[in-house]
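Two complexes come next, and they have one chain in common, chain A, joined by chain B in the first and chain C in the second.
Right, the complex of A and B next:
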């Protein structure tokens, strides 16, 4: 059995550790690239959302390297994502890949199937071993997400532009060569130290932007055309509303127990959206309000073309823009998105935010006299 | 000797060069077609603007904008490289007092810029289709065999405009042909097209935005009086077309260069002599990883001066070491 899984930002690092600790053979799909997208677009329905196309590309690239089992997570379908596994199974079958699909949906009463699936994919029936590996995987996920947070802080402040991303790129390459929790932990630790040591330029003007929108597009750098790097190097410190680590804790650990970390966010979203409408629309709205209240300079929303929940959120965001006087930019991505137009919009948005900041500071100075 | 600022806007259809003095007076302006050769267009623009100047001048700063801004910046040695939205916004702010809304329609894109308290507060660029931009109008004028300069005047003669579907360039064209085969006269069809484009612009870009006056209409298409009239009819108030509407992007660059010069010393401008330099562009596909980036190399008089297009920065970053090796 050789297990593979789709990419989603840093998630693959944790999944790799999880399976290596269990002694299961895995194939990490190659980094998402133009080729991944081309393969995915070729075999997917034309109007499906972008993440499915990338997933299909990942799967086929892994199958070419010998994978025979695919692990997908689900979330009981708050949007089209809920049907991904079925559709992907059909697509792969149609082009002649008879692949074992294992779906890990949160158990909705049917614990027997759920547990059997876990035993199947983990190749063991020892619950202690599974729980230990899962805990280690989760830990790595949190550590890697912490690296991202440090990078958000360092990117706009680095003296030599590009240093942060060179380091992270190096890290992504080395991740593929290390094995198991111990080695990974060490690599992450070393990278963290190097990141922290990057020289800062104290004179750089830094503005703060909240990144909101559909989870996959804001997490996977290839899909959002490296928005974090682009904005970071223009002098923007980011905060991302959704993270894989938070998502995992929420859906895997807390949700089955009826708990939630997102109570604040739901409360913030309430005046604009009272109920869950699917996807992460409510989180998008909630985080937008939260960032606005925390004094962020602007908001950037990203979502894949045809994403219904985010379209609803998009139509509400101008009201938040007005209510809190916070500028907002919406970017929609799909396989036809052009880099140049995208960069122009981001550049203009950052200009706008910087000018606003200058005006505000001038006004403060004047009123001080 | 007058101190001047140079602004260059390299767009898809036209390349504009403007020379402005310290009192924001336009000394020279050139509007020339890019015709797919931005390097030649920049050289031609510089040459022509040089002819227009009689006084002795000193260039204190250079700014570039438009989709070819990086290429132009590399050629002339720009101090400021800015996106089109900021450049257009700055220009309108300086030439029309209290402007609140800017419509800009260029060759390949159209944008709307909203301003509040003298700064840009919101903007949008066309995302769906190029219907309504300059190149589409150019094409239709050519098809109807009317010089583009007279296209707008024809629309003014219309008494009974026809309704044309303006959502998409292809459908707009087939709809126009359909109406023409039914026997509608040309003026009514042209006016119908202007109305459709304005409707499309306001629906696509202006949706949900508070369009307050004064409204400024700039970009190459602002020369078209038919579109201007259609805008006024749709909005119900006057739309201003500033005197240098077709080169506003370049003017914005001059203003940004002036601002830059006031804060920093010196300019990177390489002088007007660069029009005599030979530039070659070479491209290759880097096959070192699966991204397959298309890397562009710019050679000036046989020497490598710039590279871009790579995602990882491997090629664009090691340009300086190459130069050292050559020296």
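Right, the complex of A and C next:
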């Protein structure tokens, strides 16, 4: 059994650790690239959202390297992600890949199938072993997400532009060569130290932007055309609303117990959106309000073309923009998104934010404070 | 003074309007329904909705604008889910919010939440909430509700006999042709698109003019569809999707139709999955000719006509020429 799974930002690092600790053979799909997207677009329905196309690309590229089992998580609506697996199965079958699909859906009462699937994919029936590996995977996930947070802080402040991303790129390459929890932990630790040691320029002007939107597009750098790097190097310190580590804790550990870490976000979203509507629309709204209250300079929303929940969020965000006087930029990505137009819009937005801040400071000076 | 409640002629209107209309009229409210979709109304809707939304939502906003200055309340319930473990569509779930933040100067909305995702036990509570906009008398509300249910059942009955509520007016029964040119085509699509003249480019009338007998999922026995849909490997969590996929399996197995047409709204997330699976199962597995029509506010009518004509010609030729000639001569 050779297991593969779709990409989503740094999630693969944790999944790799998880399976290596369990002793299951895995194939990490090649980094998402133009080819991945091309393969995905070729076989997917035209009007489906971008994440599915990338998933298909990932799967096929992994199959070419010998994968025979796919691990995929799911949901039960109302966002179409819930039916991804069924469609993906049909697509892969049609092009002649007879592959074993293991779905990890919320059990909805059928715990026996769910547990059996876990036993099947982990290749062991020892719950202790599974829990231990899962804990280690989760730890790595948190550590890797911490790297991202450090990078958000360092990027706009680095003296030599590009240093942070050179380091991270190096890290991504080395990740593929290390094996198991111990080695990974060490590598992440080293990278963290190096990141912290990057020289800062104290005179740089830094503005703060909140990144909100659909979880996959804001997390996977290939899909959002490296928005974090682009904005960071323009002098923007980012905060991202959704992280894989938080998502995992929320859905795997807390949700079955009826708990949630997102209570305050839901509360912030309440005046604008009363209930959940699928996807992460409510989180998008909630974080937008939170960032606005915390005095961020601007908001950037990214979502895949035709994403239903985010369209609802998009129609509400202009009200938040007005209520809190915070500029908001909406970027929609699909397979036809061009880098140049995208960068221009980001640049213009950042210029606008900087100018706004200057004007505010001038106003302060003039009024004598 | 009687309370005036406006019901927009869009989205769930075609599924439920007799229910709601009867309910509120029995309670003593005056019901005002917006005008049938027209160009002006569509333009206003397009202007007041985010670009990314699908055509039906834009049309709906047009209807809300049409109503907003002449009623006390606009009926925009928050339709989350009507069956257990099922949903409608994220845009339906967030519809009141979308309307509220897109259109300025609105009268209050009746935006009670309809959510039977967990269970149906609180259905009467939901009904009271709806009724409380007009009266606080629970007996009156209960009575009105049972009357409304009756009207709703009658309405569903008429549709299952093949009478279509085009723009909200039930048509007379389809003429069943009995000559050899007879064609029967399954027509799939959201009710708010099929029955909206503007939103569907009047496809029903066009098909009937070609002498086509239309089959819609509602005309198939619902129990059969439910049964077929239950065989799916993973439960379909959209109510419309479940109906469409159940129909696809049914058609594949009992194909007495000559073709299937799927009308989809551009950008509809549900159609992107259901339409694709439907095509896979009917065209590839069931050998049924399939046509996908995607419609948005820019779709030209001539293009739709051409495609329909070609599709029907193709079916005719298939019927005429489908001898027992081997495919390779």
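Everything below uses one rule, namely that the second predicted complex is superposed on the first by the 366 of 369 C-alpha atoms of A that agree within 3 Å, B and C clash if a C-alpha of one lies under 4 Å from a C-alpha of the other, contacts with A are read in each partner's own complex, and residues count from 1 in each chain.
In this text, a residue touches a chain if its C-beta (ideal position, glycine included) is under 8 Å from a C-beta of that chain, and two chains touch if they have at least 3 such contacts.
Note that the structure is a prediction, hence the values are computed from the model and not measured.
Trainee: Under the superposition described at the top, does placing chain B and chain C together on chain A give a clash or a fit?
Mentor: Fit.
Trainee: As a test of reading the superposition: which chain, chain B or chain C, is in touch with more residues of chain A?
Mentor: Result: the larger residue contact count on chain A belongs to C.
Trainee: Between chain B (first) and chain C (second), which does A:252 come into contact with in this model arrangement: first, second, both, or neither?
Mentor: Neither partner.
Trainee: According to the stated criteria, A:356 is in contact with first (chain B), second (chain C), both, or neither; which is it?
Mentor: Touch partner of A:356: chain B, not chain C.
Trainee: Pick one for A:82: touches chain B only (first), chain C only (second), both, or neither.
Mentor: The second partner, chain C, only.
Trainee: Looking at A:206, would you say it contacts chain B, chain C, both, or neither? Reply first, second, both or neither.
Mentor: After superposing on A, A:206 lies clear of both chain B and chain C.
Trainee: What is the contact status of A:309 with respect to chain B (first) and chain C (second): first, second, both, or neither?
Mentor: Touch status of A:309: second partner only.
Trainee: Of the partners chain B and chain C, which touch A:348 in the superposed model: first, second, both, neither?
Mentor: Touch partner of A:348: chain B, not chain C.
Trainee: Between the C-alpha centres of chain B and chain C, what angle is found at the C-alpha centre of chain A, to the nearest 10 degrees?
Mentor: It is 80 degrees after superposition, to the nearest 10.
Trainee: Let me test your reading of the model: by the given contact rule, A:279 touches which partner, first (chain B), second (chain C), both or neither?
Mentor: The second partner, chain C, only.
Trainee: Regarding the shared-chain residue A:105, is it in contact with chain B (first), chain C (second), both, or neither?
Mentor: Only chain C; A:105 stays clear of chain B.
Trainee: Of the partners chain B and chain C, which touch A:162 in the superposed model: first, second, both, neither?
Mentor: A:162 contacts chain B only, not chain C.
Trainee: Quick one: minimum Cα-Cα distance, chain B versus chain C, in the superposed arrangement, integer Å.
Mentor: Value for chain B versus chain C, nearest C-alpha atoms: 6 Å.
Trainee: Output the chain A positions appearing in both contact lists, the one against chain B and the one against chain C.
Mentor: Dual-contact residues (chain A): 318, 332.
Trainee: Any idea which chain A residues touch chain B in the complex?
Mentor: Chain A residues touching chain B: 30-31, 33-36, 162, 166, 169, 226, 318, 327, 332, 340-341, 344-345, 347-349, 351-352, 355-356, 359.
Trainee: Once bound in the complex, which stretches of chain A touch chain C?
Mentor: 45-49, 74, 76-80, 82-83, 85-87, 90, 94, 103, 105, 108, 272-279, 281, 305-309, 311-312, 314-316, 318-319, 332
Trainee: Tell me, which parts of chain B touch chain A in their complex?
Mentor: 67, 82-86, 109, 117-123, 125, 127, 208, 289-292, 311-313, 317
Trainee: Looking at the complex, which residues from chain C come into contact with chain A?
Mentor: Residues in contact with chain A: 49-50, 52-53, 78, 80, 85-91, 93-94, 97-98, 101-102, 113, 115, 232-238, 241, 264, 266-273, 275-277, 280, 294.
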